[in-house]
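Note that the chains are named A, B, C, D, E and F in the order they appear, and that numbering of residues resets to 1 at the start of each chain.
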Amino acid sequence: MYLLALTAAAANPQAAPDALPQALVIALSGMLIVGSALLLICLFIATMPRILAITEKFWPEVEEAHGGAAHPESHVPDDDAVLAAIGFVLHQEFQRQLQSDGPA
Amino acid sequence: MYLLALTAAAANPQAAPDALPQALVIALSGMLIVGSALLLICLFIATMPRILAITEKFWPEVEEAHGGAAHPESHVPDDDAVLAAIGFVLHQEFQRQLQSDGPA
Amino acid sequence: MYLLALTAAAANPQAAPDALPQALVIALSGMLIVGSALLLICLFIATMPRILAITEKFWPEVEEAHGGAAHPESHVPDDDAVLAAIGFVLHQEFQRQLQSDGPA
Amino acid sequence: MDILLEFINTTGFAAMSPGNAIMILVGIVFIGLAIVKDYEPLLLVPIGMGAIVGNIPVMEGMAMGVYDHHRWIIEDGGVEYQPGSVLSYLYLGVSLGIYPPLIFLGIGAMTDFSTMLSNPKLTLLGAAAQIGVFATFLGAVWLGFTLPEAGAIGIIGGADGPTAIFLAAKLAPDLLGAIAIAAYSYMALVPVIQPPVMKLLTTREERLIRMKPPRKVSKRERMIFPIAAFLICALIAPGAITLLGMLFFGNLLKESLVTERLANTARTAFIDIVTILLGFSVGASTQADTFLKPQSLLIFGLGALSFVIATASGVMFAKLMNRFLTDKINPLVGAAGVSAVPDSARVVQMVGQQADPHNFLLMHAMAPNVAGVIGSAIAAGVLWSVLT
Amino acid sequence: MDILLEFINTTGFAAMSPGNAIMILVGIVFIGLAIVKDYEPLLLVPIGMGAIVGNIPVMEGMAMGVYDHHRWIIEDGGVEYQPGSVLSYLYLGVSLGIYPPLIFLGIGAMTDFSTMLSNPKLTLLGAAAQIGVFATFLGAVWLGFTLPEAGAIGIIGGADGPTAIFLAAKLAPDLLGAIAIAAYSYMALVPVIQPPVMKLLTTREERLIRMKPPRKVSKRERMIFPIAAFLICALIAPGAITLLGMLFFGNLLKESLVTERLANTARTAFIDIVTILLGFSVGASTQADTFLKPQSLLIFGLGALSFVIATASGVMFAKLMNRFLTDKINPLVGAAGVSAVPDSARVVQMVGQQADPHNFLLMHAMAPNVAGVIGSAIAAGVLWSVLT
Amino acid sequence: MDILLEFINTTGFAAMSPGNAIMILVGIVFIGLAIVKDYEPLLLVPIGMGAIVGNIPVMEGMAMGVYDHHRWIIEDGGVEYQPGSVLSYLYLGVSLGIYPPLIFLGIGAMTDFSTMLSNPKLTLLGAAAQIGVFATFLGAVWLGFTLPEAGAIGIIGGADGPTAIFLAAKLAPDLLGAIAIAAYSYMALVPVIQPPVMKLLTTREERLIRMKPPRKVSKRERMIFPIAAFLICALIAPGAITLLGMLFFGNLLKESLVTERLANTARTAFIDIVTILLGFSVGASTQADTFLKPQSLLIFGLGALSFVIATASGVMFAKLMNRFLTDKINPLVGAAGVSAVPDSARVVQMVGQQADPHNFLLMHAMAPNVAGVIGSAIAAGVLWSVLT
């Protein structure tokens, strides 16, 4: 990509503004920084499970279920979905009732 | 209404401020503008079905159901809780079915 | 508490800033104000049922159910409703169980 | 002991003026009407509580009211920022006209224009009711108000709180409190004001007219409508761009069917937040010393007049239209042109059922009702263009 | 290569001071406590993450922190606006005191005053706990803080984050970060601080006292309460208008039963948005260079003291009241007067059940708990009136 | 009659320029694409309606547009505040850079980084795609834009609307409208732009590669990730603090499991409100006279180029990585590195299924997709640090 830009600039040297060399350094070092940041994240992620495997022995991950249960006000359920589901169950039920009444 | 205001002003000419004639023009043209805007909307609405009937031949209105389905993140329900509840009921049901089938 | 502060100040008189006497008055009157406000609230609350018992005769508290019904959009579910529905299904189920157990 | 005396001086009991006491009572009455009579509770409760809070007398030097604004002063050749009170910041949404368009966004996302689309001629009734606006404007000029003040007072007849606040903030900021309170009071009193006017101007036969059920409107029509209607209104009355832009934007979010989550937030959390802040800070702006003036009484008188005229104009225009129509309009429906959505449509339904319990006018009344919202916004735009 | 070096200079690794590192660790500890111990997670997670973000060292000249404010400068005889950082705009809600009243609105819309209404004498325990506020105020003056600073430090004893931030923003903006962090830390540590004090001051017999179940409170009482309580508080201590106005406004939205949708938004989306912004920007205001000072340590020490005093005062006052009462109060309930809703009420329940597993004090503890919120707000109002 | 003429002059029909008409049509086309093709409707509908509203010609002297800003003027030795238009206040969130971080908060609270955590090497694809940003930056410099302008144009290649708006507001406010529209247009056109590039650069065999299902990621990993990733990014590129701080804050609210209610509000009501305001005011900033310039065409050309380069870079880098890997990556997945979450990941899935209907790449594509968001934010931070 840089080559492309360089070639373009080279092909038309008069038009290339004076800022182009500076811009090239910015672009290259910018790409370097982006790359190294994501590389570090990548390495960190890759290492984390091993570190956690060690700490796990001293401090095991219990099933922390309090999150969901402790804040019931965050549930903004969908009445429709609920009613549909209930409806389904009732339907099943009536079906069963009919069937079991039938043979009886 | 305008008549009423005019009469009132006429009946009490000294009290009527100098701005009244100007106000009258404003009121009349304002009412004209409001009326013509809503008249245009009325005419547009009345014409729209006919225009759409023509375009319909070239570009039929398919049942565009994607709106709801495409954005599942907007459902804040809590499917899990609901499903758990339903699941529980169904489970009870199946248990029963097994039991009642068993003896039978 | 005030004694404690006073003692402390007395124990170390040089260190006590000049503002301490003023601060003491502020603290005492502040506590007085907080206390009298909450005392007034306490007295008001204690009196209210008696006053309402009198007004009740002239203006009985009807079951004002309009709040909920008039603004159905305000229901951001009601876990209660869901539970009621689940409960209903379970009830049906148990009823059935009893009935089918009965004949069996 | 000086400090104790100072404390007592800071309490409100001493400083309480009769005016403050009256306004606190007004606030309590507003809340009472909302709770007992269910009159526009979403507005009257916040405004009422605001009026109570705004009329607690405060010690000189403590900046706590809506009018204790932030300021910029020049000091040592630099600009120094002096903060205002919390209420003054909340009130900025009123005085800068920001809350009303956001309310309109939510209203747009709630409004179903289907009945209007299925029976376009009812749109005209929403125009007729705006006669109330301009007649009140004339009345206010006649009573000696300046032209911009008269414009802001006239818009009370639009029966649309956000529109009234928006225009008053632009044309007559000093009268904003009185105008807002008048507008919301009469909107709450629609079930009291309108029925006698409606019965006076119609015969029993007219009230018995039944109307054809509205036709089904296609999705495509409902999608195209907000854009087209906005273009028509905006090109004719550019002063209405802000309010109507938001109204039709909200409606487009609803009708496009692909932005349902945005429409849903606009008509729930967003409009609720703005309603709370708007109502409370408008209420708190009714401090007795700025509010209890003879002017305010005049404004209340003119406001009542404008509601009567608007109702009458809607009804009479419907009767006029019936002379040219085969499918007659029930003239009661004209009264819904004052907007006050959805209360005046409910009043139409109620008065209609008093004559014939099996006549369902509610759906038909929604058409002039929403058209009235558009009409008032256009009227506000016109008054703003001409009077600034 | 110059530019590459410049880049390296812009990275934070070089500029990182030990102070920044400490504060980042503090942030991580806050988040850890919230997750592992479930201590006030809705506050500690935003504050913790804010502290991490606020302590990343930034290159000179890049305006990114909460203190990089907008400014107005005079240029060529005109006023030029110079924008601030994004965090500085979010922080305006803290420094101008706007967020705390909005949090109170939501708290009001969540709070059920029923138990307080059914057992009014428990209200007094909420007053007794405010002794913590004024004792700490005296302590801070004795330690050499100025009167306004001492007032802001004292309010930590109110155990009410929004109130502490509101008052600190008015009286001692420079100490706001330390005061806010101290207040929230100790609120989170209530389950650690209170039990020893409570056990020390009560006998086993006292801890076993069972209280009568609260009577049913009528809807009408609950509707009248927020208005009446507001008038009482506001007239006695007008400085508390802003906080208590919003608290009781929120409660009225809840209890009026006709504005349920507004109450619901106030206690969900609205308070959540403000909590996110408040917590995060308070956290980000703890930049090491303004935060890590000996003063801050003193403030933390005084804060701990004030919680102990407040708890002790509540318990002792309950014991004092028992001398005059036939229906004895369980003195543990007095500890809930510090507010820190609902954590200190839960602590009461927990300590009570250690003595008698079948004694349910939670409901009774809610009364002094909510009274403590009102008490702290009044104390803040008083301190604000006198010290500005 | 003069006044009537004046009215006619105030209507928009006369003042309507061809440019305005074109922009209104563009707005209608945006809305049409959103409805018919379902291209990024949450953005295109608000932007489209904004473009329509912003291009209604307004009478001279009526301040209604986004550029009719508030001002402070010196008058009689004091500072006088002159209010701006409502749209100008809503636009402040854009021009001061406040909306984009708030959008990132919501995105963080929505984003599941699990697949990235389970297959870390895919993160690098999100870096590779940023070549599009810097190549476009060079191209813009070459075409004669200043360095800051070129930086703002380059970030279009980041395929991230909020990031582009954030950087453009800092570096090139005059080009903000064009850059924002270009960024969102191409994000909407991802399903059109990417597939040909992807097919051109891959063989059928490569497109058929199946990848191992991701491993299950523990809760603890997901909790630690946002904090650690933020620290890494922030220390390397402090310019990205604001955007990434909010992104990872939102994610921490989600993954901490103890702040679910805050995460829920951040990803629903809060982000919806900000999306509505951001989209609408960005749309309204495209007034024909500031938008329809040769520059804007250049920007659109460069934007298209940058999407092509970013897609190609991602794909080619994946092929490069395959030379060193035993578990091959399907190179299509590299195209998701441009971010445009989640559209480009869906495109990967679609193109992959054209080759093998039983190959499910969506989950794998989410990893570079979210890494691309982080990468673009870092790139923006770097450009901001160097170019201001």
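What we mean here is this: a residue touches a chain if its C-beta (ideal position, glycine included) is under 8 Å from a C-beta of that chain, and two chains touch if they have at least 3 such contacts.
Treat the numbers as computed from the prediction; the structure is a model and nothing was measured.
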Indicate the lowest number of steps between chain C and chain E, counting one step per move to a touching chain.
1
Farthest chain (mean CA position) relative to chain B
E
Residue numbers at the chain D-chain E interface: does the shared fraction exceed half, giving same, or fall under half, giving different?
different
Using just the Cα atoms, superpose chain E onto chain F and tell me the rotation angle to the nearest 5°.
120
Centroid-based (C-alpha) most distant chain relative to chain A:
D
Using mean CA coordinates as chain centres, what's the gap between chain C and chain F in Å?
47
Using CA atom averages as chain centres, what separation in Å is found between chain D and chain F?
38
Euclidean distance of C-alpha centroids - chain A vs chain D, Å:
45
Expressed in whole Å, how far the mean CA point of chain B lies from that of chain D is 18
Quick check: what residues of chain B touch more than one other chain, meaning two or more?
22, 26, 29, 33, 64, 66, 70, 73-74, 76, 82, 85, 89, 93, 100
What are the residue numbers in chain D that touch two or more other chains?
3, 7, 35, 38, 72, 74, 79, 236-237, 256-258, 261, 264, 268-269, 382, 386
Help me check something: in the complex, which residues belonging to chain D touch chain E?
3, 6-7, 10-13, 16, 24, 28, 31, 34-35, 38, 41-42, 45-46, 49-50, 52-53, 56-59, 61-62, 64, 72, 74, 77-79, 81, 83-87, 89-90, 268-269, 272-273, 275-276, 280
Within the complex, chain F is touched by chain D residues 71-74, 79, 96-98, 101, 105, 223, 227, 230-231, 234-239, 241-242, 245, 248-249, 252-253, 256-259, 261-262, 264-266, 268-270, 382, 384-386, 388
Touch list for chain E against partner chain C, complex
116-117, 120-121, 123-124, 126-127, 130-131, 133-135, 137-139, 141-142, 144, 146-147, 150, 218-221, 224-225, 228-229, 232-233, 236-237, 256-258, 260-261, 264, 268, 309, 313, 371, 374-375, 378-379, 382-383, 386-387
Chain E-touching residues of chain C, taken from the complex the two chains share
1-2, 4-5, 8-9, 15-17, 19-20, 22-24, 26-31, 33-46, 48-49, 52, 61, 64, 66-68, 70-71, 73-74, 76
